[in-house]
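What follows are several structures.
Paired with subunit B in one complex and with subunit C in the other, subunit A is shared by the two complexes that follow.
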Partner chain A sequence: MLYTIANVCLVLMALSIAVLFIRVIIGPTLSDRVVALDTIGINLIGFIGIIMLIQNTIAYSEVILVIAILAFVGSIAFAKFIEGGVVIDRGDR
Partner chain B sequence: MTEVIVSIFLIIGAGLSVIGSIGIIRFPDVYGRLHAATKSATLGVISIMIGIFLYFLIVQGLFVGKFLLTILFVFLTAPVAGFMIAKSAYNVKVKMWDQSTQDDLGRDLKKYKQHEKSQ
Partner chain C sequence: MSLLHLLVLSPFILALFIPFLYKWFRNVHTGWFILPLPVLLFVYLIQFVSAGPGLGFEPIMETVPWVPSLGINFTIYLDGLSLLFALLITGIGALVVLYSIFYIANKKDEPLNNFYVYLLMFMGAMLGVVLSDNLIVIYVFWELTSLASSLLIAYWFHKEKSRYGAQKSMLITVTGGFAMLAGFSLLYVITGTFSIQGIIEQSQVVIESPLLVPTVLLVLLGAFTKSAQFPFHIWLPDAMEAPTPVSAYLHSATMVKAGIYLVARFTPVFGGTSIWFWVVSLAGLITLTWGSISAVRQKDLKGILAFSTISQLGLIMSLLGLGSAALYFDVAEEGQVYTVATMAAVFHLINHATFKGGLFMAVGIIDHETGTRDIRKLGGLMALMPITFTISLIGLASMAGLPPFNGFLSKEMFFTGVLDATGLEVFNMQTFGLIFPVFAWIASIFTFLYCLIMLFKTFFGNYQPEKLEKEAHEAPIGMLISPIILISLVVIIGLFPNIVSYTLIEPVMNSILPGFQFDVNLYHWHGLNTELFMTLGVIVFGSLIYMNLGRWQETYFFLRERDPFNQVYDRGLDGLITGAQGVTNVQMTGLLRDYFAYMIVFMVGALTVTMYWFDAFTFAVDPDSMASIPVFAAIIVALTAIVSLSLPFIHHRVSAIIVLGVVGFLVALLFVVFRAPDLALTQLLVETVMVVLLLLCFYFLPELKKEDFKPRFRWLNLVISISVGLIVSLIGISTLALSDTAQFESISEYFIENTYELTGGKNMVNMILDDFRALDTILEVLVLGIAALGVVALIKMRFKGGEDV
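For the complex of A and B:
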C-alpha cells in the first residue's frame, strides 16, 4: 500500500520536474529560468526523499542537504548576477 | 496506521509540488511565477520530508536529524531566494503583466525620487 503510493508520488514529482523544465526552455527572460531552476532544485529534494523511502535506506540524506544548500547559493548568485553582473560587491556601487 | 499517516503526507506533498509547477507554467509574469514557486513547492517538499521522517522514526526506529535539518533549511532559505530573484527582476525592469493593477514598490520609488528632487 505505502509502496504503491510512494511510486505514484514519484511519478508525480517526475512530471512536475518535466513541466518545470519546459519553463526553463521557453522562459522569456533570465529571471523566469532562474525561478524554474530554483524550483527544480527544491523538487529534487522531495524526489530523492521518496527514493529513500522506496529503497528503505538513509544513505542519501547527506545528498538532500547538499542539494538544498547548492540550490540556495546558486539562486542567490544568479540573482546578484542578473542585477549587476557582479556576484560579490562591497555595497558601494 | 503509520502507513496511512505517511501516505497522507506523501500525497499532500506530491500534489502541492504538481500544483506549484502548473502555476509556474500558467502564470503570466515573473512575479506570479515566484508566488507559485516559493509557496506551494516549498510546502510540498516540507510535507514529503515530514512523512519520510515519520516513516524512518516509527517503522525503522531511526531518528534521522538530517531530515529535520533539511526541513528547517528549506523553510528558511526558499523565501530569501524568492525575494532576491524578485528584487533583481524588478531592478532590471522585467515587465509586469499588462492587467496587473498595483505596483507599490514603483509608487514608493517615485515618491522617494520626488522627495529627493525637492530638497
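For the complex of A and C:
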C-alpha cells in the first residue's frame, strides 16, 4: 500500500517537474524561469525523500540537504544577477 | 679495423682538421695539406694491381661490425671493380686537388676551408660507395655523395643559379637514392642478407622471385638518377655552376659513375634477365643519343661537356646492358661473344675519366684566363694558349673516337658490341636488335660534331679581345700539370692499350661476369670490318654537317639551349607547391566547425565500419536480464530528453544556461533513482557551480545571434548530429546484447566482499576512490590544481602582445 502511494506520488512529482520545466522554457521573463528553477529544486527534495522511502535507505539525506542549500544559493545568485548584473561584488567599491 | 677501413675513413678524419689548418696557416694554400692524402691512397691502392694475364688477385673482404643484430656491417670488399673505381677516385682526386690549388689560388676571399671539407667528404663517401659490400653502408655513403655534391655545386651560394642547381641535383639524386634503398630492402626480403657477395651467390633465387621487376626498377632508378640517365639527366647541366675542379671531379669522373658502378656491381645478380637487359641498354641508348644531340646546341663550353658526359655515360650504360646478355647463356661458348660489350664498357669508363677530366680542366683554364666560357665570344686561342690547345685537341679527338687515341679503341669496341647484339636470339632482339647499331651510329656522328664545334669555335677563327674580360694568355704551369698528366694517359693508353687490359680490365671483367673466359688483348688494327667503315662514315657525315652548320644554326632546335625536360621539372616543382597549397587551403579552413565535422565524421565512419566488419550489430537483448522501468523514472528520462532537445532552439544566453542547469539537476535525480548518492551529491554541486560560473562569464558576452547558415549546412549538421547519436546508441545496445553472450564475472563482487575487511570503510565508492584506486584520484586532484592555476594565470597575466612567453 505504502509503495503504491509512494509510486503515485513520484509520478505526480515528475509531472510537476515537467510542468515547471514548461515555465522554464516559455517563461517570458528571467524571473519566471528562476522561480521555476527554484521550485524544481524543492520538488527534487520531495522526490528524493520518497525514493528514500521506496529504497528503504537513508543514504540520500545529505543530497536533500545539499539541494536545499543549493536551491537557496542559486536563487540568491540569480536574484542578485537580475538585480545588479553581477553575482559577486568587487571589494570596497 | 683494417687498413682498408682506415682508407675509407681517412678523408673524413682529415676533413675534421681542415678548419684548423686553414685558420692557423693562412699563408699556405690549404690545398697543399690535402694533396698528400689522395696521393698516398693512390699509391697504397696501386700495389693491389697485378701485372700479367690471368693473374688477377683474390678479392679482399674485411668486416667491422656496425649494427650486427640487423646484419649491417661495415664490410670492405676489394675486387677488380672496386679497385678500378678506387684508383679513379684517388688518382683523379689528387690531380683535381692539385689543379684546384692553382684554380682558386688568386681569389683571396674564397672560403677554402669549406671547399676542401666538402671535397674530402665527397672523396671519402665515394670510396665508401665503391669499397663497401653491405647494401645499407653503400646507401649511407651514397647519400653522403649526394649531400657533398650539392654543397659543392652551391659553393658560391650567393649566386641564384648555384642554389637552383644544388637544389635540383639534391632533389633528383636523393629521390633516386631513396628508391634505391627501397630496392635494397626488397633484395633483403628476397635473400635475407645485406651483403652483395651473399646476394650474388643467391642470384638464382632473386631472378626467380616474384619481386624481381620492382627490385630491378627501384635499384636502377637510383643508378639512373645518379648517373644522369634519360630523363633524369637534367640536373647535370645545371650542376655546372660548381667550380670547375668540382665539375671535373664529381660531374665527369667519379660521382656520375656511381650509378655505372652500381649497375656493374649488380650485373651478376640480375644479368641474364630480359628486364635488366632492356631497361639498362635502352636507357643507355636513349641517353647516349639525346645527350649527343643536345650537346651540339650548347653555347657554353661546360654545357657541351655536361651533355657530352651524359651521352658518354649512356654509352657505358648501354654497353653494360648488352654485356649482361652473356649471363643468359651461362658460361658456354655462345655467351662469350657478348662479353666484348662489357669489356668495351669498362675500357671506355677508364678512357672517359681520363679525357673528360682533362677537357674540363682545359675549359677551366680557358675560363680562368679569358673570363668567359661562351663559344660565341671565344676564338683564335690556338696561338695564344698552345698547351691548352694541345690538351683540348687530344682530348676532343679521343672523345670523338679518332685514332690513335684511346677513344678510338673504345668506340670500335662499342660498335662491335652493338653489332654483336643484333645477332642475339633472345629478349625479342630479332625484332628490335637493329635499333642498337643505328642509334649508336647517329649518336657517334653528333659526338664527332660537337667535338668539332668545341675545337674550332674556341681555338680557330678570329681572336675577339673586345668581347673578353681579360687579355688571353697561357695558364701558369701549376694549372697545366693535372690536365697534361691526364692527356698523357689518353695518349699512352691509346698507343699501348694492353697496359690496362690485364692490370685493370681483366679483374673488373671477372667481377662483373664471374666465371667467363675473356680475350682482353686490345689492338688497334681490326682489319677491314664493318666497325671501321662505320667510323669512316661518322667522320665523313660529321664533317659534312659541320661545314653546313650555318644553315642549321638558325633553326628553332639550335636556338633553344635549355633541355625541354627542365620544363617538366620546373612545372612539376611549381605544381607540387601550388597543389599542396591548394589541398591545404581546401581542408585547413581555419574554422573550428569544419575540424569538428571532420573528426566526428571520421569517428562515426570508423565506428560504423568496424562494427559492421566484425558483425557486432547484435540487438538481441535478453528481456529477463533487463530491469523493469518504473513510471516515474520513465517520466524523468523523457523530461531529460525533451529538455536537451529544446536547448538548440533557445536564443537567449541566460535562458540556455538555466535550461542546462535543469538538465544537470535531472541527471542528479537519475543518479538518485539508480542509487548513487555520492554521484548525485557531486553532480548537484558541480552543476550549481558551473551555472554560476557560466553566468559570471556570459554576462559580459553579447546576446546570442541567430546565425544564418546555408540550408545545405544546416542539414549536414543535422545529419552529422543524428548519426553520432545513432551510432553511440547502437553501440550501447550492442554492448548490452553482447555482454549477455560473454558471461564474465564483474570485479565489483570483490569490492563488495572486501571493502570493509581491507579498508575499514563502509562507503564503497569512497573506498575505491581513496584506497583501491587512489592513483586516479591523485591525478584528478592535479588536474583541478592545474585548471585553477590556469584560470588565475589567464585572468592575472595580461600580455600586451610581443612578450616572449
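As a convention for this text, the second predicted complex is superposed on the first by the 88 of 93 C-alpha atoms of A that agree within 3 Å, B and C clash if a C-alpha of one lies under 4 Å from a C-alpha of the other, contacts with A are read in each partner's own complex, and residues count from 1 in each chain.
Note that a residue touches a chain if its C-beta (ideal position, glycine included) is under 8 Å from a C-beta of that chain, and two chains touch if they have at least 3 such contacts.
The shown structure was predicted, so the numbers you read here are calculated from the model rather than taken from an experiment.
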Which of subunit B and subunit C A:L15 touches, first, second, both or neither: both
Which of subunit B and subunit C A:Q55 touches, first, second, both or neither: second
Which of subunit B and subunit C A:V66 touches, first, second, both or neither: second
Which superposed partner A:V34 touches (first subunit B, second subunit C, both, neither): both
Partner chain in contact with A:G46 - subunit B first, subunit C second, else both or neither: first
First (subunit B), second (subunit C), both or neither touched by A:L2: first
A:I25 touches, of subunit B and subunit C: first, second, both or neither? second
Overlap of the subunit B and subunit C footprints on subunit A, listed as residue numbers: 13, 15, 17, 34, 62, 78
List of subunit A residues in touch with subunit B within their complex: 1-2, 5-6, 8-9, 12-13, 15-17, 19-20, 22-23, 29, 31-32, 34-36, 38-39, 42-43, 45-46, 49-50, 52-53, 56, 58, 61-62, 64-65, 68-69, 71-72, 75-76, 78-80, 82-83
Footprint of subunit A on subunit B - complex, ascending: 3, 6-7, 10-11, 13-15, 17-18, 20-22, 24-25, 30, 33-34, 37, 41-42, 44-45, 48-49, 51-52, 55-56, 60, 62, 64, 66-67, 69-70, 73-74, 77-78, 80-82, 84-85, 87-89, 91-92, 94
Of subunit C, residues touching subunit A in the complex: 630-632, 635-636, 639, 642-643, 646, 650, 654-655, 658-659, 661-662, 665-666, 668-669, 672-673, 675, 677, 680-681, 684-685, 688, 691-692, 695-696, 699
List of subunit A residues in touch with subunit C within their complex: 7, 10-11, 13-15, 17-18, 21, 24-25, 30, 33-34, 37, 40-41, 44, 47-48, 51, 55, 57, 59-60, 62-63, 66-67, 70, 73-74, 77-78, 81, 85-88
